[in-house]
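One structure is given below, represented as structure tokens, and several questions about it will come after.
We call the chains A, B and C, going by the order they appear; numbering starts again at 1 in every chain.
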Amino acid sequence: MARKFLHHKTFIVSFIILLPILIIALIGPWIAPNDPLEIDSTNVLKSGTSGHLLGTDEYGRDILSRLILGIRPTMLVAIGATLIAFFGGVGLGVIAGYARGFTEKMIMRAIDIVLCFPPILLALMVVGFWGSGVKNLILIIGVLYIPRFARITHSATLQVKGLEYVQSELSLGASHFRVITKAILPNIMSPLIIQISLTIAAAILLESGLSFLGLGVVPPEPSWGQMIGDARGYIYNNPMYVIWPSLCLGVTMLAINLMGDSFRDILDPRLKNKQ
Amino acid sequence: MLRFVSKNVGVAIVQIFIVATLVFLLLRFMPGDPAVLVLGTERGADPAAVEAMRATLGLDQPLLTQYFTWFADILRLDFGQSLFNNIDVTTYLAERLPKTLELAIVAIIIGSIIGISLGIIAAVKRGGVVDMIVSSIAAAGLSFPVYVTGTVLILLLSLQLNLLPASGYTAFSEDPVAHIQKLFLPAITVALPLAASIARMTRSSMLEVLGKDFVQTLRAKGLAEKMIIFKHVLRNAIISVITVIGLELANLIGGTVLIEFLFNWPGLSSLLVESINNRNYPIIQGSIIVIAAFYILINRAVEIIYGLMDPRTR
Amino acid sequence: MKSNTLLEVKNVKKHFPVSDKKLFSTHKNYVQAVNGVSFTINEGETFGLVGESGCGKSTLARLIMGLIKADSGEINFEGRNFLELRGRELRKSRKQMQMVFQKPYESLNPKMTVGQIISAPFDIHGVYNKQERVQKVKDLLEMVGLSQQYINRYPHEFSGGQRQRIGIARAIALNPKLVICDEAVSALDVSIQSQILNLLNELQKEFKLTYLFISHDLSVVKHVSDKIGVMYLGEMVEVGDAETIYKNPKHPYTQALLSAIPIPDPTFKKERIVLEGDLPSPINPPSGCRLSTRCPYVIPLCKEMKPELSTIGSNHMAACHLFSESKLQKIN
């Protein structure tokens, strides 16, 4: 399996793009050339000068440092939300598929309700009343993507549950917990891993979208989406201010989507043949 | 058929009911007292002002009474008044909604025209230059956030080439040319990802039909290739547009929310964002319910059109 | 109850509800998968259960294993009614009874090594420590004719016959008294089938196992069984010693099944009994005798009254009106 990934060009390309981004997210505070929050009213909206490699924003803050530090909240939200969505969704889905009957009906109905609205509208709704910030974003986006995991897990569980190796665990007298963790979950991971990559992409998109609207990561903490939103008022003064975060976000999204595609190629060969 | 339509209407009603309930609950169970939050730290310290604001928001009644009043008001399309100027929320909504609809409809039209034509070319000249360009641009374009695409368009068309105004809104009655100029960029931005999806869908469904036996028959009886494509195969492109609109509706709404903000387009979603920023709760409630209702109704409409065209999906 | 009876199945029923697409219909349909089946298995013998696919054999196996719950009836194992056991107690009781599954390509968890698969019973019931388990697994591999080196391999590296051996090793790991083989050799090539059957035979001698051997193939069942039960549409139509059933089948359905076995002798002329028509739907089975729609010897009584399984010879029972004594002569 690992070899398949190493021989997949798309995967390698996306990996080469994403790895440094992740590393920068981790070590950001130590490599940022300036304090990203330091306001300098004498150096506002400057283009790349000797003091600031990529120029300054409307408060005279260093754009490069803000870009470097701006990955953190985005990645934090993406990973946190995906974890919530994964564990919540897989838990609910496996219970629904395993228990069947009334439990299944209740869980799947509740999930249908969330699924029938556009995520950004639900996110705006919750942010509108309950406020923004990284913690809330993780929670909201996480809950919003629970249904997708739950649906996939549910249908995969139904498929696997009737297979003889699950029946054999049961006939050996295994507990439900063992049947689920040893026989069902390991065998339905492929579609879930694909969904993880899709959810990370969707979470980044949603976080940066909300931050772009000024309803995501709370200023002055930087985030790419928020920088684009702030910069849109200063395109005439310093066009590079909007270009840098747009470029970063665009490339990251592209790389994550490519990685998702490669996961799908490798883990679900049936899909590849269809297209 | 009637059963199918009424079932869809029923689903829509239930969904709108759920959204309305959710909005109701979110305000009532939010962290902190909404009245204090609206008034801010200074005036929020005054108990009399807080009581008055609670009454304005309708929070002074027992919860169940509030719930019934809430639905009675919604049924009469009464969402209360703005907290800052006593103008009816409905007035705001009526002023902003057409602008969002205009943007969305123009975007759908542009997206369909671009998408269908590119899709047809890609399908007919399969493996050709257009096909390659379309599929790679579609793949790349779909992964960029709309507002990044929008920013690029602003930088290119308005800043560099000075062709179009970067943002803003002029009423059609005031200056039709300026209106269309200012509509163009946001509409194109929303339309591009839609066009990419429509092109993909058109291409694949056309290819599927082109491989069918009846196309061979048409060719065998000597019908011109153009006739085959435009009269017999293209019908499937229309279905694909409806499919994509159904599938992309969530993205389309998300797109308009972000694009209205980027281009300062005074539509419903920018109203929502403004109101969230200054905690104008009645307007937040009203605009969320209206946007959600539209989303739900269009979704159901797509479902019904589907059922009309393809009885198997009923 | 005889002293050496191991398993007694008494009037067991299982009907599966069939979901109806209409929203407000109160009428529910049921698939009568197993409809009042009774038989006993004595310790150390092999009971062969035959019938065409869809007759409820596998459902019966799963009912006995407790994988699905019976609607009514009793399943007595060593004198205790299994259907009354719940939760932990039921799981513990599984030590005594194990199953070999039908599809070798589906019955082994693809994400587990052979070692993990075979030691699963030990994990589940918490017997032996780590080293003992490894040793046990190696012994078991040896016993079913596989190399000890296979312990860290994954199921996809093995052939169907090898996988079935792994499945057998897992089934006998806890020294069960009863092993249910549900179409255990049906998916295998004929040459492999006989190897597996021989293996089962050897294991039976060594560990004094009792088998419930389920198959749609009467020639396989005949080869291994001491007793044979024949099922048709969820009901037992004939039970008896293997020899008796094979030499002197009474029930028309058994006769039809037996006459379908090819005999490798070109000079042998036999009477072929062919059943007319298709297998009726188990949702709406024929009234009276279930074979009445296809039976060549049908009499008016068959459509009206259901024949009971009744003794017609020593260790020989059949459910057919033709053997209600007075009518016995008609057929022979």
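Details
Operating definition for what follows: contacts are C-beta pairs under 8 Å (C-beta built on N, C-alpha and C of every residue); 3 or more make two chains touch, one makes a residue touch a chain.
As the structure is a prediction and not an experimental result, all values here were calculated from the model.
For the criterion of most C-beta pairs in contact, the winning chain pair is A-B. Closest to the protein's overall CA centre, chain by chain, comes A. Rounded to whole angstrom units, the spacing between the C-alpha centres of chain A and chain C is 51.
In this assembly, the C-alpha centroid of chain B lies 60 Å from the C-alpha centroid of chain C. Centre-to-centre, using mean CA coordinates, chain A is 23 Å away from chain B. Of all residues in chain B, none touches two or more other chains.
Multi-chain contact residues of chain C, defined as those touching 2 or more other chains: none present. By the touch criterion stated above, chain B contacts chain A in their complex at residues 15, 18-19, 22-23, 26-27, 30-31, 34, 139-140, 142-145, 147-148, 151-152, 154-155, 159, 166, 204, 249-251, 253-254, 257-258, 261-262, 272-273, 275-277, 281, 284, 288, 291-292, 295-296, 299. Listing the residues of chain A that touch chain B in their complex gives 113, 116-121, 124-131, 201, 205, 208-209, 212-215, 225, 228-229, 232, 235-236, 239, 242-243, 246, 249-250, 253-254, 256-258, 275. Per the touch definition, chain C reaches chain A in the complex via residues 62, 65-67, 90-95, 98-99, 101-103, 106-112, 120-121, 123-125, 167, 170.
Those residues of chain A that touch chain C in the shared complex are 163-165, 167-175, 178, 182-183, 186-187.
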